[in-house]
Every structure is written in C-alpha cells, then in structure tokens.
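Listed next: structures, encoded as structure tokens.
One chain, chain A, appears in both complexes that follow, with chain B as partner in the first and chain C in the second.
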Partner chain A sequence: MSLTKSVSTGRSVRPRARSSRLRAYLRVDGWGLLILPLLVFLVVIFVVPLGMLIAKSFTDPTVGLDNYREIFAESLYLKILTNTFVIALSVTAVTLLLAYPYAYLMTIATPMWRTVLLLLVLVPFWTSVLVRSFALVLLLRDTGVLNTIAQDVGLISEPFPIMRSMKGVIFGMVQVALPFAVLPMYATMRNIDTRLTKAAQGLGDRPSGAFWRVFVPLSMPGVAAGLLLTFIQALGYYITPAMLGGPKNTMIGELIVQQVSTVLQFGFAAALAVLLLGTTFVLLAIAGRFMNLERMLMGRS
Partner chain B sequence: MRTKAISLVSTAALVLSVAACGGGEDSDSLTVTMWGGQAQDAHVKSYFTPWGKQADVSIRQDSPTDYAKLDAQVKSGKVSWGLAEVEPNYAKSACDAGKLEKLPERVIEAAQKAEIDPAQMNDCAIPILQYTFSIAYNTDTFGDAHPTTWAEFFDTEAFPGKRGFWKYVTGGIFEAALLADGVAPEDLYPLDLDRAFKKLDTIKDDIVWYDTGDQQVQLVASGEAPLVQAWNGRITQAAKAGEPVANEYGENLISYDQIVTPKGYDNVELAQDWMVWFLENPEAQADDVVASGYGPASPQAVDLVPEDIRPDVAGGAAVNDQSAALIDYNYWAEHYDEVTKRFNTWIAQ
Partner chain C sequence: MTRILTRAGLILLAALIGAYILLPILIILPMSVSESAFLTFPPQGFTWQWFEELKLDPTWLEAATASLRVAALSAILSVVLGTLAALALVRGRFPFRGPVLMVLLAPLIVPYVIIGLAVYIAFLEIGLTETTLGFVLVHTCLGVPYVMINVCAGLVAVDRRLEMASMNLGAGPVSTFFRITLPAILPNMLAGALFAFITSWDEVVVAIFMSGPTLTTLPVKMWAGIRVQIDPTLAAISSLALLVIVGCFLIIGLGRLVQRLLARRSVSSDSTGV
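So, the complex of A and B:
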C-alpha cells in the first residue's frame, strides 16, 4: 500500500499548477482505499466529537474564555490537575521499576518459566478493571485481607491504612498498568541479540557494564513505548482512583464526570478535558526535546 | 475520479451513521429509565409489567438515569425516555426550565385520591418511592448500645470508629450535622451551611465517603465504617441476607424519588396513563415494597404490606413517627450547584 505524495520540485508554484499539485497530493492507489473505513471511523467517532468538545469549552454557556477563567480562579481545580500529573508520573515510575526487571527476567527464563511469567501478566490483563479494583478494595481496606493477616500475626496492632490515600491509588493503578509496560518491553528485549552483550564482555567489559552499555540502550524503544502507554493511560484513570483513593486524591477524570453528570456543566467539563489534553501535549513536547520519541518508538533494536 | 468516489463513500457513511442515531418510539411502547440494579428489576416487575400487560403496551428499560443524557435528549428533540426516575431537586429545576412535561389534571386528581403528600409533588413530577437516611450500624461492633441520634452519631469518643457518608450534597449529611449540633428540626431550612461545615470539621478525619448503595452496605457490614448514614432499604435487605447490620430510625430524614416525562416524548399520553394507574394501585406499590425494600409513594399502600416488614417501611407510621424531617428539595433545587462546589472544595482540602 502506498499513499503517494508529490515531491516538491523546488520551483515556485503558479496558480495554474496548484490544482494539479493538490490532485497529486490526494492521489491514492487502489490499496490505499483500505484505509477508508478506519478514516471514516476516526473522523466520525474521534475527530468530530473532539472538535465539538473544544468548541463547547469556548461557547457553553457563554462565548469566551469564562470556563478556563473559572478553572484558574479556583485553586482546587489546579490542585486536582497537579494531582493528576503527580499520580500519573508516580505510577509510571513505579511501573517502570517493576516492569523492566520483570520483562528482563522473561527474556532470560527457560521457556516453561517464561510461559508462567507471561500468564501472570496476561491473566489480570484479561480481567475487567472494575473487578480488579473491587478485589483490591477487599485486599487493601482497613478490615481487608492484608491488614487482617498482619494484625493476626502480630506485625501491627492497629490497621495500617492503605486505601483512601495516595498509596492505595498508586498500588491499584500500577497493578492495572503493568501489562502495558511489560509487554512492549518484553517484545523489544526478546529481539535483542544476546551475542552483542557477550561480544562486549569478550572485548573486556564487565557483565554489568555490558548490560548497562549494550542491553539497556537497545531496549529503550520498548521502555519508551511502555512509559508512554502507562503515563497517558494513567492520566485518564477514573474508576481505580475513585475506589481506592480518598477525596484528597481526586483525579481530573473524576472531576470531569462530576461536572457532566451531577452539575451538568458541559462547557466547564469540556474545558477541563481540553486543559488535560493540552497539558499532556506540552509534556510530551518537552519530553520530545530530551529524547527522540519517534525514533525510540519506531526504531528497531 | 477516485477522489470523487472516496468523498462519495465517506459522505454516504456519514449520512448513514447520523441517520442511525435517530430514534423514535413505536406507538405502543413505553421506555422506563431508573437507577438500575435489583431495585429497578423489582420496580419493573411490580408496577410496570402488570400495567403493560393490561394496557397492551410493551415496556422497554434503560438505566441508569443520567441527567446529562436526559437534557441532551430534550435539547435535540429526540426523546427516547418516557418515564425517568429522578431526584426531586432535579425535577424541580428541570420542570422550571421547561425540560419536562407538565402533569395533566387527571394525574393530579389521582395523586390527591392516593393521599400523596403535596410536598412530594411538583408541576411535572409525582413521587415513586420513599426512603430514609437512617443511622446504619454494625451489630457486631455495637451490640445494644448504638447511636440513636445524630448527636451521638457525631460523637466519636462515645462511639469510636469511622463514619460513612454519601459523597453527595443531598444525601442528608448537612441536615444530620445541623441536627447533631442542636438545630431544631423545624429550623433546618434554609440550611446554615457555615454551622454544618463547622460541625463536620469535628469528625472530618473519621469520615469515609461512599458513592453507591453497595459500597455503603460493604462499609457497615465489614466494620470498615461501623456507622453509616445510609439508605434504609439497602440496610434492611442486607440484614435480611444475614449481614451484621441494622437501621436505627431515630431522627431519620425522609427522602423520595420522583418520576417524570422528558419534554417532547412521543407517547406522553401513555406515560401519563401509567402514572394514573400507578397512583390508583396501592397493591402494586405494596408489592414493590416487599420486593425492593423501598417505601411506597402512597400511604395507602403501607397497610397492604405484610405486618412483619412494616416497621422498616419509609412512609409507614413506625418510621415516620421517629423522623426528624422531610428533605426539602425546593431548597436543594435552588442551592444544589453552589453547595456542591463548596462541598467538593471542602472534602478535597
């Protein structure tokens, strides 16, 4: 399949030539038509609603910047926005620390153990987030499994509160996010030629040096993919923080739902969503300055 | 040529998908939207299906009620909900804003005959069920000595443990706080919010918030929060299922849900036929009390309920006599947004 673009010839474009250039730009060969269903789907389901959302944030209930002014006028909303990014970043960091060794272990394990490790990641992945969050409530609450056992064996005398705090939120979200980090990392690591680290050692590097200087850089595309998936997903989490967090850990997703379904302020909710989207883009742009995201994601090891 | 074909195909796809969104109702069906779950099953079985059979109307269901969706339906003129169970403060605001069908004379007359409390009606809505915000307690934690008033509910020294509250301004939390602080029931409204927040500050660290009916039952039953300001029907049913929970009706706060028809619904006549039938049929309401645990809209239905469950029926004498107040949803219709904002800021601090 190819979507052919006309190549600029460098000559100045005369009005007469413009229409033919446009036609060339739009020229699609037969296979290109295959993209049509997806294109229509994305336009109808994503682009149009997104446009309406952005429009709404500036027009509902009054035309102008009132909705955005309201966000910045109330410190609570900014706090929730900050909260959202702090939680998403913490979740991403914890997930990375857990997922990287796990994925590495999968690459060096025997086939039998690799299957076991893979299943351990996949089974929760196939289970509904709602079910898992409820299960975590039973596990983590003050009268839950963990606290009861710890009290019974005498580790603690009073329940150690995990739920209704940042700890609970991060615990729950990391649990949900793990497969999204482990799987891309493993996919990348699996294709790294192990002879390269052996060669590095053969040339005199210590095993740890070979790991850090050869294996880790080669695994970066997987890490970047895992990080991005985790972070961007974490920004929009709604059920898990609502169930495991306290009111002080409210994330922006909850706030948006509240605005839409309890106080019916569509415009304000839209403004919050646009702000989240905008901030995410800015953060990604900043990240893009320090690392070549495109190459990291698309690059082959 | 190809470009043209592409634009033709995509235009066609767009038109088709937009057309598919249009709804419309058959002339002999009625769509009912309620909060969902077991309660909705009970309501439908008790007073929608029997009427549907009698009137030869097929009953369709949707859930849960979503005010955003309801507003969107009315605004777009494509109304698919014929009857929606809503909270009275929403019914009041939406009725005033012209988003709901006004009740015709025949429904109002039927309501009078059914002895519906006029305070539970408005120009667009009739009550569909009653319940109370009661003190739910864990019977293992508090054997005989449990709080019987809101003042005791707020006393964390005499009754240690977390307190569960609905994270929702119309959930009776401010009314309870003011009663606990010594405000007389008849002076509750308009609510003295400063005083209520001050009282709530005294137990803020002990509050656990819940969002759903299931959560409140889990909180009390597990002992996570052995005291919860709860919806009595949920606790009654959990107790029946063997959970260590019970209701204390001292100073209970009576609340109710209403049922309305969104403006512009095609079969509005059918919806109103049902309202008349519902009001004229205390038997069906009594069936629902047994099945759902909620109190009936009409006091006439209470006498038709088996004697052993009457003490737990909101709207019945046993519960009513101990009640402190009826939640004033006219107050809430006016102040809902502003108090919600203040409340959300307060809990996140």
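So, the complex of A and C:
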C-alpha cells in the first residue's frame, strides 16, 4: 500500500519538475524569434521539396518500391553505383595523402603563411566549378598544355591520354575536395598540445617517433571527419566527372540529371537521389561522432 | 638535418599543391586573348577577337544579365534572412537549437544534384521553374548559410559594453541596434552578401534543372557550350566570370582590412582614453 503511495507521489512530483524544465527549454525570447523568417523560408523552399522528392520516389509512376528495385535489378545502374563509390574512394585516398601534410604545414607555419595556405586551399571552393573544369580540359586534353609541354621537352613522344578516364576525373575532383579535408584536419591539429610531442622526445623518442606515436593518433578525429566529408562531397559531384570522365566513368549525379532531362523518369531519378541523400546522412551522422560538424561548418568562411 | 629535409619536403609539397590549384585557372586568361582558334598551347599573338564575338551574340548578354539579376536579388534576400537568423543564434533563446541549426546548415552539405532535383519537382508544380523568382528563391537557400556564418562571427566580436553605454545614455533598443550594432556588423553582412552573390553567380547544377528557353543563367549557357564544342569564346567568357569573382574577393578583403584597422583604432583609443 505504502509502495503504491510512494510511487504515485513520485509520479505526481516528477511531471511537474519535467514540465517546468520543458517550459524553460521551450522558452523563446525576442531575439530568438528572429530565427523564424529563415527557418520558415528554408522549410518551404528546401525541406518540403526534399519531402516531395522522397514521396515521388515511392509513388511515381506506381506506388511501391519499383523504382528502387529497378536500380538494383539493372546491371548498368549497379555499375554506375559501384563507379561512384570507387571514384569517391579514390578521390578521398588521394586527398588524404595531400591534405594531411598540407594541414600539418599550416600548424607549424607563421601566421602570415598560414593565412596564405588557407586562402590558397579555398580558391577551388570559391571559383566556378565550370570555369575550373574547363581550365582542366585545356590542361589535360591530348593537345592540351601538359601534353604539349611533355612532348616538347621530350618526356613522351605520343600524347598521354588523361581526359575521358578515371585519372582525369580524380585529378579534377581532388582540387574541390581539398578544403573539405584540410579544414577539419587543421582544426584538430591546431588544438594538439605541442608539449606532448616534446614530452615524448624528452622521454627519449626520436622526433619522427614522437610524430607517429603522439601527433598522428591525436589528429585522427580530424582525419576521420575530413575523410568522411570529402567522401560525401565526392559522391554527389556532377560537373567534373561529366566533363573530364568518359562514358565508363559515369557517376550517380550524371545519371540523375540524365534520367530527368532525357528520359523524363522523375520517379526513378528521385529514387537515385534519395539513395544518395540517405547515404549522405548516414555518413554525416558517423562524421558527427568525430567532430562538432556545426562548429566546423560555421568556421569555414 | 632530417628536420630541415622534412620541412623542405612539406614546403615543396605545398608549392606543388598551390600550382595544382592555381595554374589551371590562370591558364584561362592568356588562352582567352590568344589568336589560335583551337586553344592550342602556348598561346599565340594577342587579340580581343573572342571578346568581340561575345558582344555580337545577344544570348550571352541575356544570360549574363539574368545571372547578375538573380545573384544580386538572392544576395539581398540572403542578407536579410541570414542577418536576422544570426542575431537569433548569437543573442537569442529558442528551443530545438540543434535540429534548427542542422536545417540552416544543411544546404552546405546536401549535394546540389539532390537540391536541384527536389526543388525542380516542387517548382514545376507551381510554375516557378524558368522564372527569376524561382532562381532567386533556390539560390538564396544555397547562399544564406554564408551570410549567417559571417554575421555570427561579427556579432560575437561586437563589444556589448558599447550597446550598454548607448542604452544608458538614453537610446532605446531599436535605436541602439541601428546606431551601434548594425554599423559594427556591416562589413560581415557585406562579406556574407558577396559570398551569397558568388554562390549564385557560379552555381550551375541546380540551375541546369531550373533553366529553359525562357530563362537561362550564364553558367548553364557555358555548360551547354562546353558540351558541344570547346572554343575560345568560352575561354573569354570564363575570364570575365573569373574577374567578377576576383572583384568580389577584393571587396571582401578590403572590408576585412578596414574592419581590422577600425578595431585597432578603437582598442588604442581605449587604452589611451582610460
């Protein structure tokens, strides 16, 4: 009897505490209301269309999972999906090899050089993907700058084909991917206590040993976040692969545009987009475990 | 010794990465004034011919004005919405902060192909594709996070004591905002607006979905041209597009410089005045 009483009082007390905490949590002040215009705008222009996209993938042309079944039934589509993953993985790997030493150099550089390095890596982010891809075509094609120079110098006798191959796609995509890898890596490395590597050396480790055994493990969260962000971005590229790759290097973005513009299969294109969106969110959730993504994004410009 | 070698290696690598990033873009400029009609390297002679040809084709001018109009309008809309949101984020209190922030930053992460398709499907229903309004709305989504980020950074740095002093001296909150806070974050708003402008000016993937015979932006027209055949007029238009961006960044850099100088002056007058 007393047990039920205590339980019931416990119940009557707790909701009150919870409701006051809830009310404190839900409190909005005058400044807070200013979030509404943008929030409403983005819900209407961005979130609702994404919802419509998801709905369309299940309903157009027929209700059900037909669109998704088609993706996995046709070997051509499966090949494009595999392509997309292989290219994104290769881009991520090459980007890691370049971005890690670059970010490390940023941590040991003087403030002025650090700014220069930062601005430099952001150039691809802020110049038109179209202009950049066009420039790469001028650079990489058989009669392009690189092949002409290499032939004039006598390095090669025949033009070395880079365009219309995976090499060309990777060459173009790594440029855009670099900031997404360098920035989180640098953000993590900057906060590593340099006294730790000094301590390792003081305890008798060689500088290289201190670097590999102390600095590298401590920088891993930034590396993981950077790699995931790079991979996510690489999955969704459209212009660069369409321009520098050949028919064998079609990626999912190109397939989506093709399905809409040439065969008008909206439902199927939507299903592909939802697949890409789902993958993006899963990878983002994983990246969020390594790093405060909001803070990283907010610190970008 | 190994330390010096490592440093040298790192610097060499950074220089190579720098060349890899910059050279392709810089190569466009000499190519656009080269006499060769096949864009061969090295560039030959000097001519404005390809720029002249751009002038002769009215569709380039139409696309460029459409792009400018869309970019300017979406920059303005982005500044208004983004500044209000930044004020709420830095100063305000509201529930569901995490999820709300996720929605506000999502346009930076979600691939443009997905945004393009989703917005295209939605806008097709209400007839907003191929309209300036449609372009402005979707490009504002893409650009507004940059305004928000920039203005947030500016607001955090605003000296709250100045606002309190203004209120103590009898100014109301609204007047304090317009006389103290707004001037302090104006450079950040300008930088954010220019980032939003560039985002729209450059944007091609979403624009490919939204474009049609009645309205085409410059990047989409360039994209169509590149897909058909690469010719020197494209190098000329690329140079011009690049110059617009460089101009924007010069303004941003100048704004930051002025802001820093003003901040330094107020700090030094602080220390001498007290």
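Assume the second predicted complex is superposed on the first by the 223 of 301 C-alpha atoms of A that agree within 3 Å, B and C clash if a C-alpha of one lies under 4 Å from a C-alpha of the other, contacts with A are read in each partner's own complex, and residues count from 1 in each chain.
Here, a residue touches a chain if its C-beta (ideal position, glycine included) is under 8 Å from a C-beta of that chain, and two chains touch if they have at least 3 such contacts.
Remember, predicted model here, so these are calculated numbers, not experimental data.
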Margin query: Is A:Leu38 touching anything from chain B or chain C once the two structures are fitted on A? First, second, both or neither.
Written below: second
Next item on the list: Would you check which partner chain A:Thr194 touches, where first means chain B only, second means chain C only, and both and neither mean what they say?
Entry: neither
Notebook entry, point to check: What is the contact status of A:Thr62 with respect to chain B (first) and chain C (second): first, second, both, or neither?
Noted result: neither
Margin query: With both complexes superposed on chain A, which partner does A:Leu76 reach: first (chain B), second (chain C), both or neither?
Written below: first
Checklist line | Contacts of A:Thr262 with chain B and chain C, given as first, second, both or neither | finding: first
Margin query: Quick check on the superposed pair: does A:Thr115 touch chain B, chain C, both, or neither? Answer first, second, both or neither.
Written below: neither
Notebook entry, point to check: Touching A:Arg164 in the superposition: chain B (first), chain C (second), both, neither?
Noted result: first
Item checked: First (chain B), second (chain C), both or neither touched by A:Asp142 -> first
Item checked: Which partner, chain B or chain C, touches more chain A residues -> C
Checklist line | chain B/chain C common contact set on chain A | finding: 26-28, 33, 39, 43, 137, 143, 260-261, 266
Margin query: Can you tell me which positions in chain B touch chain A when the two form their complex?
Written below: 2-3, 6, 9-10, 13-14, 17, 66-68, 71, 162, 167-168, 208-209, 211, 218, 222-224, 336-337, 340-341, 344-345, 347-349
Notebook entry, point to check: If you look only at chain C, which of its residues touch chain A in the complex?
Noted result: 2-3, 7, 10-11, 13-14, 17-18, 20-25, 27-28, 31, 38-42, 80-82, 84-85, 87-89, 91-95, 98, 100-115, 117-123, 137-138, 140-141, 144-146, 148-150, 152-153, 191, 195, 198, 201-202, 204-205, 208-209, 219, 222-223, 226, 230, 234-235, 238, 241-242, 245, 249
Note to self: Touching residues of chain A toward chain B in the complex: what are they?
What the structure shows: 23, 26-28, 33, 36, 39-40, 43-44, 74, 76, 79-80, 137, 141-143, 164, 242, 246-248, 250, 258, 260-264, 266
Note to self: So in the complex, the part of chain A that touches chain C is made up of which residues?
What the structure shows: 25-35, 37-39, 41-43, 45-50, 52-53, 56, 98, 101-102, 104-105, 108, 117, 120-121, 123-124, 126-139, 143-145, 148-149, 175, 178, 207-208, 232-233, 235-239, 243, 253, 256-257, 260-261, 266, 269-270, 273, 276-277, 280, 284, 293-294, 297-301
